[in-house]
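One structure coming up, written as structure tokens, with questions to follow.
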Amino acid sequence: MTAPTKELRSGRIDGREPAVRLDAVSKVYGRELLALDRVTLSVARGEFVCLLGASGCGKSTLLNLVAGLDRATAGTIDTGGARIAMMFQEPALFPWLTVSANIELALRVTSTGAGTTRKQRRARAAELLETVHLGDFGGKRPHELSGGMRQRVALARALAQDADVLLMDEPFGALDAMTRDLLHDELERIWRERGLSVLFVTHNVREAVRLGDRVVLLSSRPGTVIEDYKITLDRPRRTDSGEVTGQAATITDRLKQEVLRHARRAPAASGPDAATGTTPSGGER
Amino acid sequence: GGDGGSSGGEAAKTEVRLGFFPNITHSTALVGVKKGFFAKALGSNVTLKTATFNAGPAATEAIFSDAIDATYIGPNPAINAWSKSKGQAIKIIAGAASGGVFLVVKPEINDVADLKGKKIATPQLGNTQDVALRYWLQEKGLKTDTKGGGDVSIVPQENAQTLQTFATGDIDGAWVPEPFASRLVLESKGKILLNESDLWPGNKFVITHLIVRQQFLKEHPDLVKKLIEAHVESTAYINSDPAGAKEAINAELQDLSGKPLKPEVLESAFKNIAFTNDPIASSLVGSADHAVKVGLLDPVDLNGIYDLKILNEVLAAKGEQAVADR
Amino acid sequence: MTADVSQHLAGLDALELSGRERRGLASRVWARAWPMISAIILVLAIWELVVLSGWRPEYVLPGPGTVLADLGHRLGDGEFYAAVAVTMRRAVIGFAIAVLTGLVVGAAVSRVRPLRAAFGSLITGLQTMPSIAWFPLAILLFKLSESAILFVVVLGAAPSIANGLIAGVDYTPPILLRAGHILGLRRLALYRHVILPASLPSFLSGLKQGWAFAWRSLMAGELLVIIAHQTSIGEQLDNARELSDAPGLLATMIVILVIGIVVDMVFGAADNALRRRWGLDQRVG
Amino acid sequence: MTADVSQHLAGLDALELSGRERRGLASRVWARAWPMISAIILVLAIWELVVLSGWRPEYVLPGPGTVLADLGHRLGDGEFYAAVAVTMRRAVIGFAIAVLTGLVVGAAVSRVRPLRAAFGSLITGLQTMPSIAWFPLAILLFKLSESAILFVVVLGAAPSIANGLIAGVDYTPPILLRAGHILGLRRLALYRHVILPASLPSFLSGLKQGWAFAWRSLMAGELLVIIAHQTSIGEQLDNARELSDAPGLLATMIVILVIGIVVDMVFGAADNALRRRWGLDQRVG
Amino acid sequence: MTAPTKELRSGRIDGREPAVRLDAVSKVYGRELLALDRVTLSVARGEFVCLLGASGCGKSTLLNLVAGLDRATAGTIDTGGARIAMMFQEPALFPWLTVSANIELALRVTSTGAGTTRKQRRARAAELLETVHLGDFGGKRPHELSGGMRQRVALARALAQDADVLLMDEPFGALDAMTRDLLHDELERIWRERGLSVLFVTHNVREAVRLGDRVVLLSSRPGTVIEDYKITLDRPRRTDSGEVTGQAATITDRLKQEVLRHARRAPAASGPDAATGTTPSGGER
């Protein structure tokens, strides 16, 4: 395990102010499951940080802590009062609202949207949908859209919060390759246009390299930062370009090492109820 | 239960199924069963199967469905069973009890005039007591209607509920049979304003009688006769040994449903009921007439509802006076 | 570049969405109606056959002809409609109060953990309490008024309705809760914008069940208090039985059945509409 | 190579599965019990206060002390247990027949489309038919036997049970049907191995609802035929009413409530066990 | 559009007998939705054919036809009596059975497993689980496994059918990149060991190139074969190798052309109910 760099400790990255700063954050579930162990990490303003790690290493836990959905057991999380939006692997749209109403709800609740009229919100929602190329679909219900379209609506909803920090938990994990490629381009464009700070969780090494200014590798059990790669490739990048492939290969090897480390542990095939309550991502409905 | 295969076929019948209510107006049955009069009369080859009912409709349904052969029942269900089956289902073969119906009111009510604007309960819309109250009020010049309107508001409700609503003051009086009349007086300090007997000639009117399925009567007159013999014996016993009868009544009530009457209620109610083999046909016809007059019944032809031939045979054999069917 | 992405996205979107036709209204109605009609004819035929077989005398088991004649007779009588109106009014008012009660109780019990543990099972326990047991209490509280009837109806229906809501709240997808939280919805706002709508399908099935209980309680309760100038279906049913009026009883049963079926269809239609709108057509259940 | 793959897979598997602890039995029972106990105490206290306030005379509204004494008296009496035994026996037998009937009817109706359209709504319509309406038919068919009581119970409960099964079949995930088909399961085998088990959760909730109907029908039905020397809860309830025995009525109500709660808990436990085993803990509903 | 090659028409591929042969197969949904338009395609014995196409082009439809889950509107499908197994994007395991029982059920139903005893089947299931490196997990329930593990169980279940032809409908679509890579290796190994003929549907061009002997490109609306690429790269291949990337780039360009063709069509944003009933893959639960 590498120790956090000096820069990380000071909280400044390339001299930019951090938008999010975690300092020795730990999270214990139940009595003894140490999900995160003294994680120290910063995301600078306008920076795009990808968090990479095998399943169950605590990526979602970390994001939830930053989003305020859960509380850290130890350590401090400082977002400096920034507004935070979040996207999940599932679009998590409200099925009882139309696409436009989903976004309007976000606009209404957000502090900046407090004084707006219904009409203003509707217009703003239409704009946001236009941003994700779904201008024509405001009147549809979420289930009438494809998975990729729904994720774009979720993105529009996140943007509606007019947040400074965008947390993304494997947002494109369930999409097919072609759609994902396109959404990478979209996300990159929006990130740049709005100067967002993004903390992006993924399993997919290529995706991390395609998108991130930095790729932070998390170890498993307990989750700690083991590597922090700076990706300096020019943008726009292409997922299947040689450079991305090359960088990804290096990181993949490191990740595989980490996975292999766990192969030596006996698999948790104890009682029939041992794993009850876990809901591993993907493939389930 | 009456799930025995005996459905009144031609084959020798080994079972007679008799219905009655666990109710003081059905004392003839209670005593007859408790004292074994029925079992004795039927002999060792025929067993008595009893069925108890809470109310008339179930007993009528059971007669209609061939689930029982005979039952003690009140006048209204008997008339209904007769008219709905167009005279095919049943016959009244004996009387059982007379009287025992009172108008009980709050103490501050002293005469008919005080009833104006009051709420009076009856057990069921269109039943004997309901008709009697309406007819009586009509006679007295007070208007009522079947929906609780008019000068006196008549609220049909179950007798058990009447006890509660009288106690809480929601109603001002009730025209009810025993033992509810006695209970209203004893438990809720009600006052008897009128004894229905006073309205009938000879102070007699039918409250309970015995009916049989016509088919059963046709196929097994011998068994019907035995039944009537037991019935007559039971009536005689009640009249000759009231103390023993009361004891038997409460014992049977306890046996059947675990709810004996309180001694004072039993005492008071028993005293108010006359047990007689006479079905008091005139009162049945009279009551039906009244029902027509107050608009609760279409005119029915009760001709032939009685078959008192066997009863009169039995009475004659005992040297008692015959009863009339009109 | 964005133009290109947008083109590609538009292409993918067009591919993902395919209009699947719905059959016309007429043909849907017909498809529902004919088996029902044939079922009715079949039932009537069997009934007539049983009667013709002479199994039981006509005064015990009247044939469909007699019963339908009786029914026809009733339908020609103003009093019948008055009775239906009275009963339906009571049903609707009682049900409405039950819905309100169920909502309040369900909401309280579902959100407050100790209340839940305390009263959760009690609610279902109440469901098994026969209406007759409430009569004395009803009269105690409301004297001989229509409120006493409504009280019995409410006590019959409210538990189901509350239970429906509780189940709905329980199975609100946690991802939607988290999405709401991220949007800044808290407490009452979260309840109103997320939890309540998410509980709707389950609430609806609670309503449907509650209706059955309400109706049965009403049939019993209408014997409790007979109110001036108001005949009702429950009373007619009881009268028919009291008078050993088999055709009348069967005719009243047909009326009750028809009302039950119509109400079921209304609930069914609401349920279908909801499922269609929400895309819940296929759910794991 | 395979060895390597196998190692990696083992590593990933180990990571994905994490034991999440379940609380111990004792602590779970306690967590359920204490709010219930406090609720009971609360209810008793309020009741006592109302009685003490002298709102209604004691013989109309007796206090908890009187009622509990009466209950204690009953509990010390063999007849009470006989009554409970008779009623429970009827309930269980009637319910069992209702389950069988519901299964057969539900299976037929759910799989045969015209039957479905023909009888689907009829089943719910039947649910709203009050028990009293069935009495004449019950006596006609079964004379004055216990079967008549059971008939009423079955007619009360079977519709709910059939409906539960139908709903379960309706919402059987089509993917499982296809999987079964691919495995070579057809018709009856498909029904037995796929459709029935998949319908279990919904069937279970139908059962629970059916129990409530069965119980209420039984309470009414026990007055239909009074079988000598067999006292029952329904009869005791009615007797208490007839005798204006307020403490007896309330004591019997408490007995009914307790039975209802216990049965609910049994169903609840079955439901929980099922959900845990199937991983249905969170479903869209 | 390219015409089918002479070889395809004859049905022989490289001189090998075809295991599956589709001849001018068309499928019309509803009244006029032409999902497949005269598709002619063969899979040789032991061949691995990947079917690639954008969403909604009819890939699943084609597989369902081959599997016998649906019927073609025109044309002939000849599988020469071969046993056919199929895998879906979802694992489609039966949640009420343990992992081992899921496989045992397949063994029991399959004709070859008809005469076997329970014990034999259990042993065989253990073997099959060993094959997919899940030897220790036979006693678990599907929901206790991760997505990747469940797909491996689904694979084992498909293998249990001892089929000659394996149809796979985006089987790894919902998995993360690392797991997918590993499963590619596994699938390739099993395919070779057993001499299976595989028809593999995917969105993912790299995956198709990684796995297929041939990659067949389907157009959309109506679905027809537009390209049939032969992939001659040596096995084992690596998804991120240069050769795979190169081949994939060519095919991707062709696919993008196809997608762009549809961008010109107006998106189907008609009535709010227009797309009701479609369940686009991914991201929903």
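A, B, C, D and E label the chains in the order they appear, each numbered from 1.
Just so we're on the same page, a residue touches a chain if its C-beta (ideal position, glycine included) is under 8 Å from a C-beta of that chain, and two chains touch if they have at least 3 such contacts.
Composition by chain, UniProt nomenclature: A, E = ABC transporter ATP-binding protein; C, D = Sulfate ABC transporter permease.
Predicted model, so just to flag it, every value in this text is computed and none were measured.
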item	value
Shortest chain-hopping distance from chain B out to chain E	2
Two chains sharing the most C-beta contacts	C-D
Between chain D and chain E, centroid-to-centroid distance (C-alpha), Å	45
Length of the line joining the C-alpha centres of chain B and chain D, rounded to whole Å	41
Between chain D and chain C, distance of the C-alpha-averaged centres to the nearest whole Å	19
Numbers and ranges of chain D residues touching at least 2 other chains	8, 10, 12-13, 16-17, 56, 60, 135-136, 140, 173, 238, 241, 279-280, 282, 284
Contacts with 2+ other chains: residues of chain E	54-55, 90, 137, 141, 143-146, 148, 178, 256, 259, 267, 269, 274-276, 278-280, 285
Sequence positions of chain B contacting 2 or more other chains	57, 61, 64-65, 161, 164, 168
Contacting chain pairs - touch in the sense defined above	A-C, A-D, A-E, B-C, B-D, C-D, C-E, D-E
Chain E residues within the chain C interface of the complex	29-31, 33, 54-57, 220-221, 256, 259-263, 265-270, 273-280, 285
Of chain C, residues touching chain B in the complex	56-57, 59-60, 135-136, 139-140, 143-144, 223-231, 235, 239, 241-246
Residue numbers on chain A that touch chain C, as the complex places them	64, 67-69, 84-86, 88, 90, 92-97, 105-106, 109-111, 133-134, 141-146, 148-149, 152, 157, 161, 178-179, 182, 185-186, 189, 236, 285
Complex contacts: residues of chain C adjacent to chain D	31-32, 34-36, 38-39, 56, 60-61, 114-119, 121-122, 124-133, 135-136, 140, 160, 167-168, 171, 173-174, 201-202, 208-209, 211-213, 215-216, 219-220, 234, 237-238, 241, 246, 249, 252-253, 256-261, 263-265, 268, 280, 282-285
List of chain B residues in touch with chain C within their complex	56-57, 60-61, 64-65, 77, 80-81, 84-86, 88-89, 119, 124-127, 145, 147-149, 153, 155-158, 161, 164-165, 168, 170-171
